[in-house]
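Two complexes, one shared chain (chain A), two partners (chain B, chain C).
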Partner chain A sequence: MSLLKEALQRLFRKPVTLKYPFEKRPVPEGFRGRPVWDMRKCIGCGLCSNVCPSGAIEMVGKGLQSEIKHYVDRCMFCSQCVESCPRNAIKMTQEYELAGFDRSKMLYEYKREI
Partner chain B sequence: MAGRRDLIAYNDLKKWIIDPGFCTLCGACEAACPIHSLKIEGETLQYIHDCSEHLEFCPICYDVCPHSEALLLETLSFVTDAPNRRESLGYYRKVLLAQAVDPELRKVSHGGGVVTALLTNSIKQGFVDSVVASRTDEKAPLKLHPSISLVPDDVFSAVDVGYSPSAVAKAFGRAVQEYGKTKIAFVGTPCQVLALRKLESWEHKIVDSLKLVVGFMCLWCFSLKHLFESLEKTHNIKPSQISKIVLEKREYVVYMDSETVRIPINEVRKHILGGCSTCMDYTAELADISVGGAYPLEDWSIVIIRTEVGEEIFDHAVKNGLIQVKSLENEPEVYTHMVDVANFKRKTALEEIEKMKGSGKPVPPITQRMLQPLPKELSLLSSLTVEQIMTKEVMTISPDTTLEELLNIMTKHHHMGYPILDENKQLIGIVTFEDIMKVPPDQRSKTKASEVKPEKLLTAYPDEPALTAYEKMINHRVGRILIVDREDPKKLLGIITKTDIMQTLRWPMKRR
Partner chain C sequence: MRKVRYGSIIKVPFGPQHPALKEPENFMFEIDGDIVVGVHPRIGYNHRGIEKAFERRTYLQNIYLAERICGICSDAHTTCYTQAIENLLGVEAPPRARYIRVIIAELERIHSHGLWVGIAAHEIGFDTLFMYVWRDREVVMDLFETLSGNRVHYAMNTIGGVRRDIPADTVPKIKHGMDFLEKRLKYYLNVVQNEQTILKRTSGVGILKPKDAVELCAVGPTLRASGVKNDVRVDDPYAAYDEIPFNVVTHDGCDVLSRIIVRCEEMLESINIIRYALDHMPEGMIRVRVPMAVPPGETVSRVEAPRGELIHYAKSNGTTKPERYKVRSPTLGNIPALCKMLMGAHIADIPIVLAGIDPCFACMDRMTFIDDKTNKKWVWTMQQLRRKTRK
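Let's turn to the complex of A and B:
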């Protein structure tokens, strides 16, 4: 009986599902999406690449001449790099639609403006 | 000064700060080090593991060290929005005398108990959620330990003025990383305040949680081990007998259970820490609020409010009836004593630097940096004229002003030097605080300003480059130079003080 009642009630309500990808639910606060680097703040200490458990971050060059390569296909969004950065140069964004067919396109490079 | 920096900052830190013995054990490097390579244990700074194994490049520990030359001008920006600046006080909004309303509080703390009352109120009202300060042990009343207080009652025992090093900056790091606090009030000496401000201008992650910085006025810190040994030898005082040491009129008064002993400053000076002997900051010029003893008033404190945050929190404590204030203007003696000690600290530091330079010993990089501007700053000064940076509204006095009146003027307006003009507006000379101090206190009401003015008058012309005026000041070791008309050298046009120069270096474009 309760099942029938529930079904009847549902008839007059909006559906709980969203028509993704046409409709998107806003991400919750503290969501860990793709990390981005602010190279104006980065001092090039290399801690993020050292602590990354999945080896998704590569630092090319040394110190203030260095650049960051982030292989998002390896990233597991654990936010460890954000934790260890001494200067808040890394932020987790709310970007989560990162799937694709070509792994070579999943590389994000961060260079310094000279 | 480390001209060219090493890729690993610890190498610089060791070479320029630790090995020459300038470290004052604040622990800022320990708090800032991203891989916890440094640790303060007892009275030494330990390098636990080789950081170059984990990092390719890292400037942090040297940058945040209060004795390094890095970020010095940047740290100034935290206080430079204050409306007033004077050589004796730094940048400030208000100077006043204050005390805790609760007499019990005044009894348990030094001076007026202002800091304790202020912080207790801040925690209760939720402005801050914890206080990082120093506290003493009951067994050893002079040895300070860093402490983190989370509840208002705990602050009672925590805030203490002392003369021994304490790793408060390290404790600040712990409060953020281990206690997870987000609104922290920090209490420390001028060098510890500088360390925190350096962390802040470096944009280190942990200072996101810094809410309020309270600075104590501090003459020097002692290496307690050496101080106790010498006290025992010369005065037969056992460390266990000492209940507190207070600075009064260039003498340290050692309070013991039954008696007190007065010791002149110079006798114990050799036991101060290496970094303190060349330190020139007495009033914690970068703190939100600076607090110090108001000798000869027993249970009042001098409070210098420098920033907006400081003003807001202090005013709230006053409004809540925890702190009562009175004006400093009617207490020239208090002000004179404070400025006298500040000048004494600056003077002894400069003498010490001369001595170190003479004997070829290294000078702390920060002092070097303060005394010797960078090439680009010198070229900036040479590109500006004296007229562009001078202060045009100068407070002057008449030759008949007595020194006592002059001290009252100083207490009111906080300028340290006043040009003397005669009735025809002709420049006669300048009287500074130092000149007054040479006259014994009982003579000051009889002596006139024109009698103590120095023979030689240092002047510059408005069309000269600012660099020339600056060099004149450095060469003659004075804090201010008068600007006079080239045609008529008796006509006063303006004044340049050291703070004008600092202001110019910080914000060359900003007109005052």
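Let's turn to the complex of A and C:
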């Protein structure tokens, strides 16, 4: 019976839940979303692909000619690559709606401007 | 075996589809009429080969693997892992990092126990309480998101400290959240102790006597609800628990009701710990740099996870990868006690008694052998394992 009062009070208020695809809660600062690479800062050291616990980062080529392939379907957003990068070239964004039906579309490629 | 009263004993399988919480595990019950007279747990449905995976990754990568042993006590596992590796390396986390570890661990305890109280209410068919508890638990989840950048896998711990500081401007936010939660939790404690729906379903159900609890090596809130004062935070202090005053909550009801009360009171105690830690947090650095390779050695590390005592064992061989890693999660420690509790229970009480230990089968399953050709499953004894390792 002690919950009845609470339940009745709640009955006349608006729901706590958000209608998700239409209403979105803003994510806080420092949220770990999809990481992005700034290829102007990248020196191609390969640390990010070496430390990645889930093998989500692939380096194609060597040094300053290298490209980065980021498989976001494998990424677990631990942000270890951001921490290990010696040039602060990687940043975690606030992007989190990354679900999809096709794994091949979940590849993000970062190339250098020549 | 007890004397048969109603004729023959019927075997009733329970699970592997979600016997209690939403995790697979199988229990074979021997039922006499409506009473359980025999319990045979069959574990191993959720074996993921995590310990082998530990041996193939570097120490740095293993932090995130340890975190994923369990979704709910993810911080307890990383604390235990980093403690073990820090022990092998001979380094110690700076004081501020140790306080931050306490704050995160206690926030996690609130969120885990809150989740459990909701599940317990759902198991006895009291979904109103389930909804309200989970609504208020969101406060903790939001705090986690602000502090660490993720709701579930906080990734706060690293070898040699923590990865993120708690900035001064979030401290009032945490304190505000704690004030709100304290008010709500006191209300729920009152609801649990007075609401007839809960009392009738839980008091006197799933009795575990203190003597049995100790003999069967029960851990955590299950043990404390049988009136035994046992907590790793006090018995073998880690992080900054030796500098923080707090009470070990016990209750001598020995039944499911006292397990609910113990968890509710522990949440209130956690709020006090967080407040104290925020006020007494020393200034300074939050991590020390550590080398990639770990010198040879072996160590055991213990942590009081929300569900009880968690033990990690690590053996290093001087390279950047561990040679052997072993995890003993609290649910495994509680399974023999659970079988004792279930004896003599009614069929209708099985779900709430099962849920009473706050089982986390995903944490627990990591040791069965399966021959995929003949579909045969077996478990090795210690001698057989030793023989195999010597070969």
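Following the convention adopted for this analysis, the second predicted complex is superposed on the first by the 114 of 114 C-alpha atoms of A that agree within 3 Å, B and C clash if a C-alpha of one lies under 4 Å from a C-alpha of the other, contacts with A are read in each partner's own complex, and residues count from 1 in each chain.
As a convention for this text, contacts are C-beta pairs under 8 Å (C-beta built on N, C-alpha and C of every residue); 3 or more make two chains touch, one makes a residue touch a chain.
Quick caveat, the model's predicted, so the values are computed rather than measured.
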| item | value |
| --- | --- |
| Chain B versus chain C as contact partner of A:Leu3, first or second or both or neither | second |
| Partner chain(s) touched by A:Arg32 [first = chain B, second = chain C, both, neither] | second |
| Which superposed partner A:Met76 touches (first chain B, second chain C, both, neither) | second |
| First (chain B), second (chain C), both or neither touched by A:Gly63 | first |
| First (chain B), second (chain C), both or neither touched by A:Gly46 | first |
| Chain B versus chain C as contact partner of A:Arg112, first or second or both or neither | neither |
| Touching partner for A:Val16 - first (chain B), second (chain C), both, neither | second |
| Chain B versus chain C, judged by how many residues of chain A each one touches | C |
| First (chain B), second (chain C), both or neither touched by A:Lys91 | neither |
| Complex contacts: residues of chain A adjacent to chain B | 41, 43-47, 50, 59, 62-64, 66, 84-88 |
| Interface residues, chain B side, partner chain A - complex | 7, 32, 34-35, 54-60, 202-205, 208 |
| Of all residues in chain C, those that touch chain A in their complex | 57-58, 60-65, 67-68, 128-129, 132, 135, 138, 145-146, 149-150, 153, 155, 163-164, 187, 190-191, 194-196 |
| Touching residues (chain side chain A, partner chain C) in the complex | 1-3, 6-7, 16, 27-28, 30-32, 51-54, 76-80, 83, 92 |
